[in-house]
Amino acid sequence: MQKYVDIDSKLDKFNDECGVFGIFRNDEDLDSVEITYDALYGLQHRGQESAGITVNCGGSFSTVKETGIVSEVFNEKNLSTLGNGRIAVGHVRYTSSKSLDRASNQPLVIRYREGSIAIASNGSITNFCELRKELESGGSIFQSNSDAELMAYIIAFERCFTDSLENAVIKAMNRLKGAYSTVICGPSRLIGFRDRHGFRPLCIGKIKNSYVISSESCVIDSLGGEFIRDILPGEMVVIDDEGLHSYTDNIGSGKTSFCLFEYVYIARPDSVINGVSVHSARIKAGELLFKEYPIDADMVCGVPDSGFVMAEGYAKASGIPFGMGFVKNKYIGRTIAKGKDKMHRLLQTRLTALKSNVEGKRVVVIDDSIVRGETSKHIVRLLREAGAVEVHMLISSPPFIYPCYFGVDISDKSSLIANRMTTEEICREIGADSLGYLSIDSVHKIAENANVGLCDGCYSGLYGAKIPDKIFFDKYARKIKNKT
Amino acid sequence: MQKYVDIDSKLDKFNDECGVFGIFRNDEDLDSVEITYDALYGLQHRGQESAGITVNCGGSFSTVKETGIVSEVFNEKNLSTLGNGRIAVGHVRYTSSKSLDRASNQPLVIRYREGSIAIASNGSITNFCELRKELESGGSIFQSNSDAELMAYIIAFERCFTDSLENAVIKAMNRLKGAYSTVICGPSRLIGFRDRHGFRPLCIGKIKNSYVISSESCVIDSLGGEFIRDILPGEMVVIDDEGLHSYTDNIGSGKTSFCLFEYVYIARPDSVINGVSVHSARIKAGELLFKEYPIDADMVCGVPDSGFVMAEGYAKASGIPFGMGFVKNKYIGRTIAKGKDKMHRLLQTRLTALKSNVEGKRVVVIDDSIVRGETSKHIVRLLREAGAVEVHMLISSPPFIYPCYFGVDISDKSSLIANRMTTEEICREIGADSLGYLSIDSVHKIAENANVGLCDGCYSGLYGAKIPDKIFFDKYARKIKNKT
Amino acid sequence: MQKYVDIDSKLDKFNDECGVFGIFRNDEDLDSVEITYDALYGLQHRGQESAGITVNCGGSFSTVKETGIVSEVFNEKNLSTLGNGRIAVGHVRYTSSKSLDRASNQPLVIRYREGSIAIASNGSITNFCELRKELESGGSIFQSNSDAELMAYIIAFERCFTDSLENAVIKAMNRLKGAYSTVICGPSRLIGFRDRHGFRPLCIGKIKNSYVISSESCVIDSLGGEFIRDILPGEMVVIDDEGLHSYTDNIGSGKTSFCLFEYVYIARPDSVINGVSVHSARIKAGELLFKEYPIDADMVCGVPDSGFVMAEGYAKASGIPFGMGFVKNKYIGRTIAKGKDKMHRLLQTRLTALKSNVEGKRVVVIDDSIVRGETSKHIVRLLREAGAVEVHMLISSPPFIYPCYFGVDISDKSSLIANRMTTEEICREIGADSLGYLSIDSVHKIAENANVGLCDGCYSGLYGAKIPDKIFFDKYARKIKNKT
Amino acid sequence: MQKYVDIDSKLDKFNDECGVFGIFRNDEDLDSVEITYDALYGLQHRGQESAGITVNCGGSFSTVKETGIVSEVFNEKNLSTLGNGRIAVGHVRYTSSKSLDRASNQPLVIRYREGSIAIASNGSITNFCELRKELESGGSIFQSNSDAELMAYIIAFERCFTDSLENAVIKAMNRLKGAYSTVICGPSRLIGFRDRHGFRPLCIGKIKNSYVISSESCVIDSLGGEFIRDILPGEMVVIDDEGLHSYTDNIGSGKTSFCLFEYVYIARPDSVINGVSVHSARIKAGELLFKEYPIDADMVCGVPDSGFVMAEGYAKASGIPFGMGFVKNKYIGRTIAKGKDKMHRLLQTRLTALKSNVEGKRVVVIDDSIVRGETSKHIVRLLREAGAVEVHMLISSPPFIYPCYFGVDISDKSSLIANRMTTEEICREIGADSLGYLSIDSVHKIAENANVGLCDGCYSGLYGAKIPDKIFFDKYARKIKNKT
């Protein structure tokens, strides 16, 4: 669906939390489609809304992309139409909106004067409206509202005034503000680049003699490849027949600001980002929680599945035994209950507390965040019903208060419980004996060895880069609505 | 899939034989989506590859489009997302290529400096390559290879240099060569226009106080509406709040050339086009066949379902009784036979001759065309096995020899039997006692009362308009392939 | 779903109007599954609710059966699990009830003391309740309410007390009352038999050296086989390694009563049943309609598709030209209209009148039957709106008044318009200038050369065999309900 | 598909590892279908092959059952056809064979002289062939090869010679040998019973005033109900309008033999069976592993997801820190790799080791069993590649050597690695530094407080009950094959 008039709501750009991957194949015996498929499966946690692969087979671009998860979108039949090209890029997309907007699925292939390029991006362009207005003024024609389309158009535009795709990308990076970790499949090269703040991850690896670029390092490992390094904030990496080239024209002197929420929740624990293992960061979050909240308890457990690691850290730091507090039904479930019972019923059938492990104990339970508070309330109740004598809930991040403009989709601000209640009130609401959030200082420490700066904007309101100008947004949107 | 490098093969533009529809709703109690849905169902014979509807609801454009037939693509759930806008356009698409190219499904919505437009078109642009090259040189960026995208871009481009969408369309019509019967949904108007040769049909009707534009008049009837008139070759019709406006700037003095194959095969018999009933034209084809081939026979029958009407005409003219010669299995069938038997088995199970009607008779059997000859051969054999003592096959059109550049998809030229054999040879090949094609003179007479000229290019090689420059095509395609 | 308590409503036996087929393969180069598949496709008109094939491969029985039409149920993958056995039977099923009762899909395979049999049947057992009660009293256990299950149980029961499957079937035929044309796949033989009244068709054919048994002869033709003869009412035919054997123990001296509605509507026109071509019977119906209603008109047309043949006959007899009066949309359609418009809208978009053929003419239009009258009303209106000056509707059968107990599913009696109105009233209701039904005398003449007696029970109320005892039904059903 | 001739292979009875549930509703405000649906979702781990629900609504039995998991099989539409009856039973089924045998899906509803019953069972009847032969000799007719069908027939048979369903079930229990935990929905009562050895679990609970019977207690908890007690081995429980009645006629003096593998692997950790918490049993398994294998290591981890709990136990007993060793991709995955790489690739993309947690450490890793050894080999390799300096694999059960005849499906005996190699050889094969299985003595201790005896037949070859007579099997099967 085309929903352009809703542009005043930033979340309608459909671009948040994605996974990207690219390969430049130098080995005869590798299958670029198979590798990209496996890589997207490994990046599935970054987006379940749609998936796509574009292959450049001798200059001809073929794409399979569709709404759905990797195992639904691809099959042997449609993948066999792609051919084992030397360059392939892939994308998994997340969107909160239950949109059917197929035009925004990626990779996006465009064709212009200088040939074709395919683009797959993760992030959010903050000067989207300004740039789009500028391009439209110059006569550009758009077919969706996606960041990727805008980025491709900017690059194509710059390419017409410079002598190489590389230079065009460098120029485009100067114009594009906000967050982007992007791969591009050109006529004869694979390009990867990251905004100068480095909000989202992107790294390089090698499988045999072939190069890959991936949102996260975990898939390079599981593909049997070798992790080389992160692409630096502001860096562009180009891979062609002659090997890997690095362009650092856009590496400014300004501070970098990698998203802390990647360490807290988004990234897979087996990834290493900016020199810091995500798993270690979460272990540390557990340790720091103990430092801030040294609770006297009999067992520490995590909310499945993300809380396990923080609980492991808290257990190590405190000496309190780690225990499984819950059983989660691993099958895909729905509920046929109607009305207000629906949510409750679904929670109830998906998660149960392990009475035999919990009964009579003082329990510390760790989760990564609280959104609306419903799940936390349910978890406390489960533990109490299972016989826990005390329930202390700890959260491995500070309260989520501010919107993210750099690629994380946060549901309606007003539904965030931390915007309506104090920590004490939330504690009462969810029925816990105590509730503790990790402090902003501590959350920085979980990745203190990172070789980049960190963005805590959603916790502090102090963002790592300029946020979009709301007034401009509104004016532009009004103009669009009035025009006929 | 993006298959741009195949552009040297004209058939890859995916644009042939389509149906278009548009409505500008002035009645509160009409539902523009429901009407467009029913209209597309009525135009289904013009394209079964994909279907789509775009609705302009207060300036916001929403689209549902997908690969499949009307009853597969639309359902109450996805249609309910469209809203009962005042303007809606719809499209059914046919392509020979078994392409999964979703990017070419229509309507196509674009957004540019002056707002949004949705386009749905039937036909084929003959200067596609020149125009596209020109636009690309100017910096335009394309996302598919469809005529509709090119047309939308040309219109948008012109709109930036003129004061109204109407003027932009008029200018675009001057640049676009070839065949196009097109509807456009603008921010506040519905526009329909037809190329100056008038290759494809397009007409206007009224349902209550609301205007509709349709590829064929039959759907206006079945919607309970009133047929007003054809849009003239070169005419643009604009419908807005103030009613219907006609612009005739592009009506040249040159001769018009409506596609004869629309009368012979494509259009539905209950449509009236250019003042001539399609059904009457086919009755006349039967009568003219008798005039050219006054065979002494006991029964005249048609090949289901299209041959019935011509047989009715031959029967009337000759006095020979009309009879059903065949039974056609009306259920969707496949065959599980393998190898070379496959086609034979499928024909055999789909069609059987009516022994009791055919036995001992001299039979005239009428079909609309012969493509590869396989079906005709089967039909003659069926009649002989059923006891026909003579089988005379008549074809209600001249031999199909030349490719069509104006919107009819003809399979590979070399597979056309009339390109390899004389009529006598074909007669022997299919095993008939005699074989007669309608002469080119006669095929013109089936629509002799039409208020337009007629194109017989696929029979005569003398096209109603300039055909694309092959040499240019090849050069352009080579350039694309070499560029990296 | 198991719905046994609804047994008081006869229509819940789910057995009406089916198609059956069997093959005993003697040729190495034939594929019994492929032939059965093609045969079921050719018999699809007799049932679209479910389809199934059972193959006996060296004594091992394998079945694929599912709800859906032939092309939906079978695919290369599931058919490949069947193996090219020497004996195969197939079934297509029709039911009015929108039942999900998979347990009633056929063929049904049972396993008992003496081995396995698969059964596929067309018809309706009138002493179903008596026999089932008797078997249950003896300890039998049922898993559905189908006639086929009951028949299989009776045969298995008899088999335990006699020395061969043949003798068991002969004994079972003596116990089973009503209508049944049935094929059985035994451990080493294919058996076909028909109730002594011969209500439903069943015939034998030969493909090369292999024998087939089929509901209708048309599929034997389209399979390239040779029609041998009908199985006689009361006859059982057994095919085994030694060839074809006929058993005529159950051929009584009583009168036979083949269903006239098979000639009027059910059977395919290219079948020959009881020595009479179905197509000829319908031609004759048209001729007899002219004899009874010699209307002075300008054109005679048929309601698509079944009315064409009768119109052909009327045209021949009267000298009035045959013409196509309508165009029927051949694509699968649904309507998204809501409420009372729904049916009207569906009719309107599926069928349109051919104005150019109808305008200004006095039209005779022929259909096979009137059920609720809605369609006829629509047809008359379409013709009038298209400019017909007179509309005379003729029906090629007498008014449908009485329920059928022998295998034809007739919707709720009270919804039959002929039960509520006289012919004059119906004529007024549908808006025709005149309305004529074929008389009961005449409908007998359409198949007067048949070598069997004919049943006109649904027209006359005088059935060809004893109908079920309603009082018994009610008592039995009540007993079932009270029992706990 | 009917595959009766394969009966000599026990695994073709399609009956292994299932979940059953039943409800007798006494509360107006409960929805018996909704509760059964949620219960089956909670029992999904016991079977993913098919799911079904039968509801007795005023004496009328309706069933929805189909191949697939709970969320695929049921939807609001088909569940709405069932009605909120007072009695409902449900079933989830597991089979190793990729069979399409719909006839074996449960619940199975049969109808006989005394009314209808629906049956849902978990287990395996060891005298299946003898009983079936006996019934067939007496004239019984079967439509599948399922235990459930046989059990229903035996009960129905007994019911004809006794005065109540209760007595019939008691008599049937005397005839049925082997393992069965079964629920039956009768005309007016819900019955649950368990074979006298008590191989499989079955328990009673209460939701408000309504009674439920379930394979496992965990679903009673998650439904907000109250666990009452296990049904005893040999006990039959009947629930009707007057409440709950217990019949203990079949409780013999012989020893009971509950399946140890239920504690080790099958049951959900949040269930309590025979008075022993499954979770506690697994914690104890971890503790006992430490007692048998007191390894000096730096970290103990579990193979996801089942190994976590045993690792927790080992960590507690040893003081070695518990750690997450792996990340498991939680999305449904397939692989498009071909040939021998397929399995390897799938494992690789599904599971990765957590380098940051494992590097440089001596690791103990715990799993529940080793089947073919492929997965264990992969796990050891993953840990080594992640930098583990020592890898010690512990298995929380003894080697799996003997087939199970009582309801657990074990793949082909020859593929079990423990049948081909000693523990030392397996250790070398999988590349571990050491490998330890829990001893048979210890595995008994994990449930030493259970109020029943325990079966370790698959480990020791000493079964808890008589196993089927293979010679009889073979003779019977041969007879079936020869009979025609």
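Lettered A, B, C and D in written order, each chain numbered from 1.
As a working rule, contacts are C-beta pairs under 8 Å (C-beta built on N, C-alpha and C of every residue); 3 or more make two chains touch, one makes a residue touch a chain.
As the structure is a computational prediction, the values presented were derived from the model and not from experiment.
As for how the two copies subunit B and subunit C face one another, over half of their interface residue numbers coincide.
Distance between subunit A and subunit C, defined via averaged C-alpha coordinates, is recorded as 61 Å.
Note on chain placement: the centre of subunit A and the centre of subunit D lie 39 Å apart, centres being C-alpha means. Note: centroid distance subunit A to subunit B, computed from Cα atoms, is 47 Å.
Touching two or more other chains at once is no residue of subunit A. Viewed as a network of touching protein chains, the structure reduces to one closed ring of chains, two contacts apiece. Residues of subunit B that touch subunit A in their complex: 1-6, 54, 59-64, 78, 81, 100, 102, 108-116, 136-143, 152-153, 156-157, 160, 187-188, 480-481, 483-484.
The touching residues of subunit B, when paired with subunit C in their complex, are 33-34, 37-38, 41-42, 44-45, 48, 69-71, 74, 76, 79, 218, 221-224, 268-270, 272, 277, 279-280, 283, 305, 308-309, 312, 315-316, 321-324, 327, 329-337, 345, 348-349, 352-357.
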